[in-house]
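Each of the next two complexes has chain A plus one more chain, namely chain B in the first and chain C in the second.
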Partner chain A sequence: MNKFDIQIREDGDHAVIETAGYLNDSLGEQLSEKARELIKNGYTQLVINLEKTTLINSIGISILIEIIEALHEREGALNFCGLSDTQERTFRMMALAKYAGIFPDEESAIANL
Partner chain B sequence: MKDSSDPILGDGLQQAHETQNTAERTMERLIFSLSELEHLGQTLISGYGNFNHSSKTYLRITLGTLQVTRGVILRYHPTGLNLDVVASTPERVFPPIPIEPEEVDNLLQHPYIENSAPPAGLQEFFTRSAELIETVDVRLWVPLKIQDEFLGMIGLGRFLGRETLEEWEKELLTTLAHQISIAIAYSQMVEGIQSEKFRLFMLAESAPQICQLLEPEDAAEQVVLQAVSFLDANAGALMLARPEQQELELGYAFPETLVESVQYNGNQLVIPCGEDAPVSPEATSVDMLKSVVNDGIPGHCLPESDTLFGGKNLMAVPILGRDGDILGVLVVGDKEERGGRIAPFNDEDAVLLDSFAKQAGVAIENAHLHQEALEARQLQAEMEEARKIQVNLIPDNLPDILGYEVAGYYEPRGAVGGDYYDCIPLPTGRWGLAIADVSGKGMQAALLMATLRAGLISELSRGENSTSGEAGDEVPPATMYLELTEMAMTLNSLLYASGTEEKYATFFYSHLNPETNVLTTLNAGHNPPLLLRKDGTCKWLGEDVGGIPLGMFPNDMVSSIAEYEAEHIELISGDVVVYYTDGVTETVNIEDEYYDEERLLEASKACKDDSAEAIREYLHDAVVNFQGEADQFDDLTLLILKKK
Partner chain C sequence: MSDTEKHVILTIPMHPDMELAAAKTASVLAELMDFGEGEVEEIQLAIIETCINAFEHSQSDDQEVHIDFLLKDDELQFKVTDRGVGISPDTLDGRRLLGSPGIHTDLRKRGRGLQIIKTLMDEVDIESSPNGTTVSVIKRKRRTEET
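After this line comes the complex of A and B, so read on.
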């Protein structure tokens, strides 16, 4: 929970961003920066794996929304995976699920990009 | 200068033609501008209304409409007192620009500001913005506002093909700036609604979840994490109340390193919070916690006064149990805003945290009740096992001793105690009569009793073998005294070394030689047995020579406090010895009176001429009748020895 980290795995036409720790302003900005870099490098198919992120605040949510918007502008797609039940309900309630897919694991998230 | 006039058209006609062309171009730009305004309006209401994301579109439309090559949009953050560069052409990353409240007031007075001629009071602001101004080559600034609320600024660079904007262009710029201001205000509103929606959802979602947690540690962790999450804090802690010690003890902290720098009681954060706890000259975060726990109202603490969590902006609320008792204090630290800014917690935050704390109180109490129920079940199972051990240690039937009657009784009452009696036959035809009351209860007491009994039997066996062992041989009193005191010291050492916390036992031992009718006794802190002579006289045995209970102190300390001493008496026909535990004399009635030694003496006198069994029954009934409806929590044990 206290370990903050972001891992990137680029594979063909898509990339996976895996976060660990509290997705707040600090980790969210790092995530946003990594996503911008990937988009700039032509990756418009992204998966964000939140399995190691059990805590998110509203700033983290707003940053995820920005990433969704940035990808939509480029006709890209974003799928989430590794969400807890509460996170999934939160994402649906905050309408993130309307513009991004939610999948139980990384494999299915990639397959459905 | 080259004459550019049309040789065919006359000057007047050409001028009219140029005017018409200018009007047409202006009309075209106006039509373009209107379509772009519509585009801008669509941008405003589309998506999530996130201004930071849409700002590049606003800047592009503004620059395109006004035919300006470069520009910048700044967004004002009142909590941080700075301006963020949210969009710029050329696209660069700029640090936030600090701005003073007076400068904000000053900017609101001007619809346009020429960068080359900043109004009085704004020169320093423009100096601070020098890097941005130079990069974008800003010529004209327009403050963004709605009524008197300052929202940001738009800066325009070089105007394409002209030095200044025409009047109609300025009016168009005013309209565009107003649209951008609306977009910022709308974005703020949407962000606020999204944030509130998130917080309320998390509150509704997390409260029932934490109430289902059964482990107190899990409940403490989730209470802190959920509070941190929906208040956008970056730290939190749960301090649990220990009312008996008048202390607050850290239950959980996020992040785990939050209190690393603070050393209270080693690694454990414990804060005295009683009324007489020392108060620092200046209110600190420790004082805030004391105030919350003592007054039961929310508290705040500024970073400079936070001595506990490394200088954070803190808000704390009490956590109340069902009965209104304060279970602890929930603390959150440093409310985050976008861009790494820390905002103060406001009244709405306090209300929200207070609401959550009510649910947290239920959750923490539930988890503790569940824990207690589990422990009670475990204790009950342990008690049953202990009871079995204890009952097995007490003889089912007492032996026949030539010339004597013996009767014993043991009645468990309440929690398993550690009463024990025994009548042990010795190889030389002598008898060892013992009664003891082991401290503590449950399995610990039962095991201690078993240890005592095993040690006693071992010592008696050893003692009998070492002295002249033929039945009927009289052991000199001095030898017997020495043997008994040595036995007491050995048993004391055994119990002291048993390793349990409450490891002592009151113990009374009688060594009976039925041949000589000599009863040698030793008391280790036990209730003195009553000797009732046939002639009606009486004596409390071991009352004056009693040592301290076994296992309470090591042997070398026993020697210096009160050594064990033995004494002996000779029994004659009709004499009765009543052994008992404190469950007899400390039986209380409904008027809170003790049965006490006086009543035991009177009852014993009343039945001393009966058989040992009848005496036992009489004394038991006397105690039970005295008790009446009152509850009892200690075992009742009697051992009667009567010389026929």
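After this line comes the complex of A and C, so read on.
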């Protein structure tokens, strides 16, 4: 459950960050660092693929909000994909869906950036 | 306790990621009770948030969280207790305020564990005193046609 990993795929004007494991403060900080690095390098169109992310706690969600804010400051965009029904419900409750897209798969998340 | 009710008691240290031990136990119990896959995930997330709140706010000397699961026919209850200094629901509700003031105040003010617990579970009750806090949670099974 807690084996975590982050993969980055850069492609043209966008980048995909794929996380695996339990998205808590520890993995969240690593994710935030990767996202900040991508933004610094000019990637303001990001997809976060959470298909392999087993659980996301409220601190992880808070860190995702920070990434959304960083992208909005640069007029960028963030789409999520691969969420479970519970994760999507939680994201909508926490208002993430107002500022980031939620899509079933990576292909549609990229297409809608 | 009736014949159909079963207690499972777990104590975890207030240590990073130990909330996963509670989540794993809750997951096994919920699966044994035939909760649906989505409900199991909801229960896991709720107990994670409850434990994290205790880790962050209790200031207990023993640095332990005590969890009492009660398995009934159609519902799973769990009580998460710490022997800390007590906490108000308002404090629980605002445990992580993010970043500097900026454009998305409505996002920032929502980073709340208790809000998640209340949304995903059927009943949530908090009892707190200077001797500690107990958060009691009930999750009822959805009817088959709803799962």
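Note that the second predicted complex is superposed on the first by the 113 of 113 C-alpha atoms of A that agree within 3 Å, B and C clash if a C-alpha of one lies under 4 Å from a C-alpha of the other, contacts with A are read in each partner's own complex, and residues count from 1 in each chain.
Just so it is clear, a residue touches a chain if its C-beta (ideal position, glycine included) is under 8 Å from a C-beta of that chain, and two chains touch if they have at least 3 such contacts.
In this text, all values refer to a predicted model and were calculated from it rather than measured experimentally.
> State whether A:39 touches chain B only (first), chain C only (second), both chains, or neither.
Neither chain B nor chain C is touched by A:39.
> With the two structures laid over each other on chain A, which partner does A:94 touch: chain B (first), chain C (second), both, or neither?
both
> Does chain A have more residues touched by chain B or by chain C?
C
> Identify the partner contact of A:26: answer first if only chain B is touched, second if only chain C is, both if each is, neither if none is.
After superposing on A, A:26 lies in contact with both chain B and chain C.
> So in the superposed three-chain picture, is A:84 touching just chain B, just chain C, both, or none of them (first/second/both/neither)?
In the superposition, A:84 contacts chain C only.
> Taking the superposition on A as described, I'd like to know which of chain B and chain C A:69 touches: first, second, both or neither.
Touch partners of A:69: chain B and chain C.
> Mind working out whether A:55 is in touch with chain B, chain C, both or neither, as first, second, both or neither?
both
> In the superposed view, which residues of chain A touch chain B and also chain C?
In chain A, positions 1-2, 22, 24-26, 55-59, 61-62, 65-66, 69, 86, 89-90, 93-94 sit in both the chain B and chain C interfaces.
> For the complex, give me every residue of chain B touching chain A.
47-48, 50, 52-53, 191, 194-195, 197-199, 201-202, 205-206, 209, 225, 228-234, 254-257, 336-340
> If you look only at chain C, which of its residues touch chain A in the complex?
Residue positions touching the partner: 16-17, 19-20, 23-24, 38, 41-42, 44-45, 48-49, 52, 96, 98-99, 102-104, 106-108, 110-113, 115-116, 119-120.
> If you look only at chain A, which of its residues touch chain B in the complex?
Touch residues, chain A against chain B: 1-2, 22, 24-26, 29, 54-59, 61-62, 65-66, 69-70, 86, 89-90, 93-94.
> Taking the complex as given, what residues does chain A use to touch chain C?
1-2, 22, 24-26, 55-59, 61-62, 65-66, 68-69, 72-73, 84-86, 89-90, 93-96, 98-99
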